[in-house]
Amino acid sequence: MRIKVINGNTFEPMTRGIDESAQAVRSPQTEIITTQPKAGPESIEGYYDEYLAIPGILEEVILSGDEIDAFVIACWGDPGVEAARELTTKPVVGIAEASMYVANMVAARWGVVTTMHRALDMIEKTIHRAGFSHRCVSIRTTGLSVIETETARQATIAALETAGRLAITEDKAEALCLGCAGMSGLDKALEERLEIPIIDAVAAAVKMAEAIVGLQKQTSKALTYQRPESKRIKGFPDYMQF
Amino acid sequence: MRIKVINGNTFEPMTRGIDESAQAVRSPQTEIITTQPKAGPESIEGYYDEYLAIPGILEEVILSGDEIDAFVIACWGDPGVEAARELTTKPVVGIAEASMYVANMVAARWGVVTTMHRALDMIEKTIHRAGFSHRCVSIRTTGLSVIETETARQATIAALETAGRLAITEDKAEALCLGCAGMSGLDKALEERLEIPIIDAVAAAVKMAEAIVGLQKQTSKALTYQRPESKRIKGFPDYMQF
Amino acid sequence: MRIKVINGNTFEPMTRGIDESAQAVRSPQTEIITTQPKAGPESIEGYYDEYLAIPGILEEVILSGDEIDAFVIACWGDPGVEAARELTTKPVVGIAEASMYVANMVAARWGVVTTMHRALDMIEKTIHRAGFSHRCVSIRTTGLSVIETETARQATIAALETAGRLAITEDKAEALCLGCAGMSGLDKALEERLEIPIIDAVAAAVKMAEAIVGLQKQTSKALTYQRPESKRIKGFPDYMQF
Amino acid sequence: MRIKVINGNTFEPMTRGIDESAQAVRSPQTEIITTQPKAGPESIEGYYDEYLAIPGILEEVILSGDEIDAFVIACWGDPGVEAARELTTKPVVGIAEASMYVANMVAARWGVVTTMHRALDMIEKTIHRAGFSHRCVSIRTTGLSVIETETARQATIAALETAGRLAITEDKAEALCLGCAGMSGLDKALEERLEIPIIDAVAAAVKMAEAIVGLQKQTSKALTYQRPESKRIKGFPDYMQF
Amino acid sequence: MRIKVINGNTFEPMTRGIDESAQAVRSPQTEIITTQPKAGPESIEGYYDEYLAIPGILEEVILSGDEIDAFVIACWGDPGVEAARELTTKPVVGIAEASMYVANMVAARWGVVTTMHRALDMIEKTIHRAGFSHRCVSIRTTGLSVIETETARQATIAALETAGRLAITEDKAEALCLGCAGMSGLDKALEERLEIPIIDAVAAAVKMAEAIVGLQKQTSKALTYQRPESKRIKGFPDYMQF
Amino acid sequence: MRIKVINGNTFEPMTRGIDESAQAVRSPQTEIITTQPKAGPESIEGYYDEYLAIPGILEEVILSGDEIDAFVIACWGDPGVEAARELTTKPVVGIAEASMYVANMVAARWGVVTTMHRALDMIEKTIHRAGFSHRCVSIRTTGLSVIETETARQATIAALETAGRLAITEDKAEALCLGCAGMSGLDKALEERLEIPIIDAVAAAVKMAEAIVGLQKQTSKALTYQRPESKRIKGFPDYMQF
């Protein structure tokens, strides 16, 4: 089974970190191919970043052909996931939804910790869209940028520990989703400190993708996720036309 | 006051139709500048189309400089509207939200009629996100493509009349939002036939934009809609970097 | 275009303040006629006040005849707005709904500041009814009465500034609706202090009314807002019978 | 124990019917005093009717003094119930809420049948406000006016049977609330025909009022339902000033 | 009228306390029979406890035969209430739902105070299921076990007073439900201290049961609460087979 | 990895069917141990059945000791899943939640098909509790009992095909969850007929359990799912005391 993990961001060290997280949890039968879009922002920290990232993410889906069995979109917010589902019969899993499903299965009430303060609304909307406003009891931010999160690991762990402790004591969170692909790999260190389940969202999505492939389920083409209608799309390469 | 109306689609006849709707309702003091992205799909009929359209829409916002007082994004689904709000202090109005606000002010229960059957989920999500699941009692589709909607006007009117009549009799809708920018200009013809308020979403958004400018309100830069963080964005022109 | 703005309260200085707010934002083509009911409480600060105010508000709608193009009901809570819609084909706009629509278009998360502590439940229910519980993140009260709000302007501004600052820092509100018609005219002073959009609800409603008139939309008579059924209404003047 | 049942309508035969329903279920220790407002519409069939009825309803509460132990407001929609709670420390029960509570305790899924088609929105909003959108699976209307409902009993029963049967077969309702005080007394006849619990809303409210008095609970004066603020109320009698 | 009150817990002093609360509010015509399951946990403080208690609760319903007119299940959380409704045509009332209905009728915003901190999720889910997330503004826990709550009355009152005061001042609760059957009988002492309505949930349920019996309503057998299907149930006595 | 799959029902052929479904999708490294409670109903078709089944389900968790890595509770409705989470640090997955998560990842709008008509309310509540009322657009029942579902395979497939086709055409469902453990193994036959993803809930849960074990996540013991409090539990064996 081959799973293509697409970092939504174009910061190469982050793609490597995501790959490590994905490799660490893959089943022996699974091959992980981690990539990043050719175009798009280094890091996704707001709506502008997110929307500029999506065409590149979708291009990665289109270019994969039939050799891929499932896709993971690695950015908490699940950018473009519905569009990716139109492009392929293969399952497409967003790391936000995957991490929330795992959180639901191990905790009654959970929280999300993420990077910049401005992301609060994006995180809230992602949770509301998923239907989990009654399960998520805490959203906390570190104030660190995505790049700092990726590169300043000790500061990031310290900030996440602080935020997480508040989520536990103030908001009664019983598990935490790491709300940024750049936090991949920090779950173990935080579990040691906070003693509640910490969900690495990339890892969660890899396991969800394996699960759906294992079930031999494909994306429904009944209505919403039908192949894009055939039409002219200006300014995009031929292979992105339908 | 100058309002820039950005068609989310790149089909030129549709841009002209949108412009006519906008011109028809603008106040005497308002200048309307209708445009379409340089790149993007001819028509937005699914999530893939929508996400490929957004960077071009955002580019139109960025390129405008200070001479524009408000922006309207003309595609029911309000693609990229939060990102556009990050890019400017000027108000940005989506035609979906604008038409729903107007519907709320003239009817207790309303519906949305749109183009292709596959758009049902997009329409529903747009309404749910806005908070109006308890006000919208009907979503009906004509089965016509956006291009057909724009070019085959008589067939479109007939199909909208049929869909609208079902919305009224079966679902007890008391007003209807035209759920596609390509339906601009059809409200009068449908009002004659259906005898309930029919909301031209583009027109509604122009009036909402005028209203906010008239109130001298600007997009809040307090948190969510702060200017995008400064970073490298690969594959996009310099003027789209922050 | 003539817009009749009906103060829900019968405190004359407040009606003048409302008129000033309405005049300040009207379009050149718009004539504003501000009035107050003949009967009803000086100020609306609870449910009893609100319900005693409504018949007088409705009387103002009935007495207007055809020379009015739209009505604004000026009391945050939108008292009697559905009933007013039954009485006329002209659009009727409540200042609460109007201010929330404007807030939605300029901010991702917003709050409401109002007068007395006891109004908390009324405010919450107004927001819940509108569908915006997920957008409104803060309700704060000054503890001042409506009359004090109208007459003790410096104390009111100071109290609103304090409440607003808590809404911003504690609740992460990014815009604020002034949740009382008696706060009309204070938006500019508060914007200077708080540096986020402050929505004068009366002004917002005037612009919404202009927008709907500009769209040539009328209140739907399809079902809910049909003209009241013909019947005897004891104790009310002849012109209030149907 | 004395319970004052206030018909929201001023149609005397209806007040008698309500009284019969209330008398039929009262406990031996309970005295029922059924009344109707001095002013207000004969029948409440829309928002205008409802708002003109409320001051008269509230007057009935005010005039009662201390000899009353609880109040029932007899109009499905619970007009003015929050205001009545401000006026007295005694419990105030609306017939809509009471009937829904009873329905919840005897059925998993229930419906409401009411009079005129135009009332659909009022009924829906009443249910939504109460929090029972997930329990109410059916709203059906007979198309008969309130007066016809009160005076043409056989036609009413036939129409309710037809509506009720559709609620059961189409919507899987397992109990029905009679959504108009004018339907009081019809529950037994309908139960024979439909074989599911039919809730007479007036009767339900009398028992709820008895229950709260039996518990020696009074209306909370902590915040929302504090006594109305002292102020001038123009055009209302002295005893309605606070 | 005979009401059987079934303590969900098997701690005999608690059953006596529940009986006292029930006896104290019953109508003269009502006979109260309070009992506890033969099997099950001493106290219900978590989901495991709750599910082990339910078969014993249901057995108490089955063993009652026709001499009982209504059942009350005395454990906040309403364990097994839907199953009990399948077993009998007589009304079955849970103390949680009953207390929330009473709270709604005397207060605009209310809270729940309960025993152990871990019960927070159970309480929240009970409120969410009932549809009252918008009415309940506070959930507070004393940290005391159910047995301590029953036996250490002074400590319990002190802890409830502290929790209640926070609910009032911090969360603006205007009434409180005692969220544990073991708190029965403490409402008066707390009302003296906190000066808002305190709802004894057992007492509330007894009055609700009396109300439904007084209305001659029975559990709907239309669909959900039909008698259990006939089948073999291993390991349970013959009288529990259907 | 060892996963214990606990059939909620005590009908042995059904346990075998569940085992086959679980074996068919397990990873090579996974060992499946399928079992059924010693006590409890042959089949779960209502709330009574469900609650009598739960102690036996929990006993199966308790008896497992440390050699099990995850538990699956195989009954759509997820009986006792929160209690099971209190009993073990190992992940516990309900088949209802698992199947809904999978449905969400392959379809925008999905439905559930189940057995008896009376189960409608249980199914709806399960979906509402999970937060997916906005994703589930169809609940259909075959009218067949659980035992018939297990034993009369051709009739079951025919009935499911009929129900499924209505879900697709009438309700626009794009995937279906098989809402009964007794339907395990029918997904492929139905996918051939209906051409949309059909989710075998048992299979889905096995893959979810593997996923969580693969992530090395355990049930949070922070608050809600702490080990049951130590206390006397009458009528249960010693090993079920804490």
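By letter and in written order, the chains are A, B, C, D, E and F; residue numbering begins at 1 in each of them.
The rule is simple: contacts are C-beta pairs under 8 Å (C-beta built on N, C-alpha and C of every residue); 3 or more make two chains touch, one makes a residue touch a chain.
Values in this document were obtained by computation on a predicted structure and should not be read as measured data.
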item	value
Shared interface partners, meaning chains that touch chain A and chain B	C, F
Target chain F, source chain D, minimum contact steps	1
Same or different residue numbers at the chain B/chain C copy interface, by half rule	same
Averaged-CA centre spacing for the pair chain E and chain C, given as whole angstrom	43
Centroid distance [mean C-alpha coordinates] between chain F and chain C, Å	51
Computed distance of Cα centres, chain E from chain D, in Å	27
In chain C, residues with contacts to at least two other chains	82, 85, 108-109, 120-121, 128, 133-134, 172, 223-224
Complete list of chain pairs which touch one another	A-B, A-C, A-E, A-F, B-C, B-D, B-F, C-D, C-E, D-E, D-F, E-F
Parts of chain E lying in touch with chain F, wherever the complex brings them together	10, 37-43, 45-52, 54-56, 58, 80, 82-83, 85-87, 116-118, 120-122, 125, 128-129, 145, 147, 223-224, 226, 228-229, 231-236, 240, 242
Contacting residues of chain C [partner chain A, same complex]	108-109, 134, 172
Touching residues (chain side chain F, partner chain A) in the complex	25, 27-29, 82, 85, 91-93, 97, 101-102, 104-109, 130-135, 168, 172-175, 195-197, 199-200, 203-204, 207-208, 210-212, 214-215, 217-220, 222-225
Contact footprint of chain B on chain D as seen in their complex	120-121, 124, 128, 133
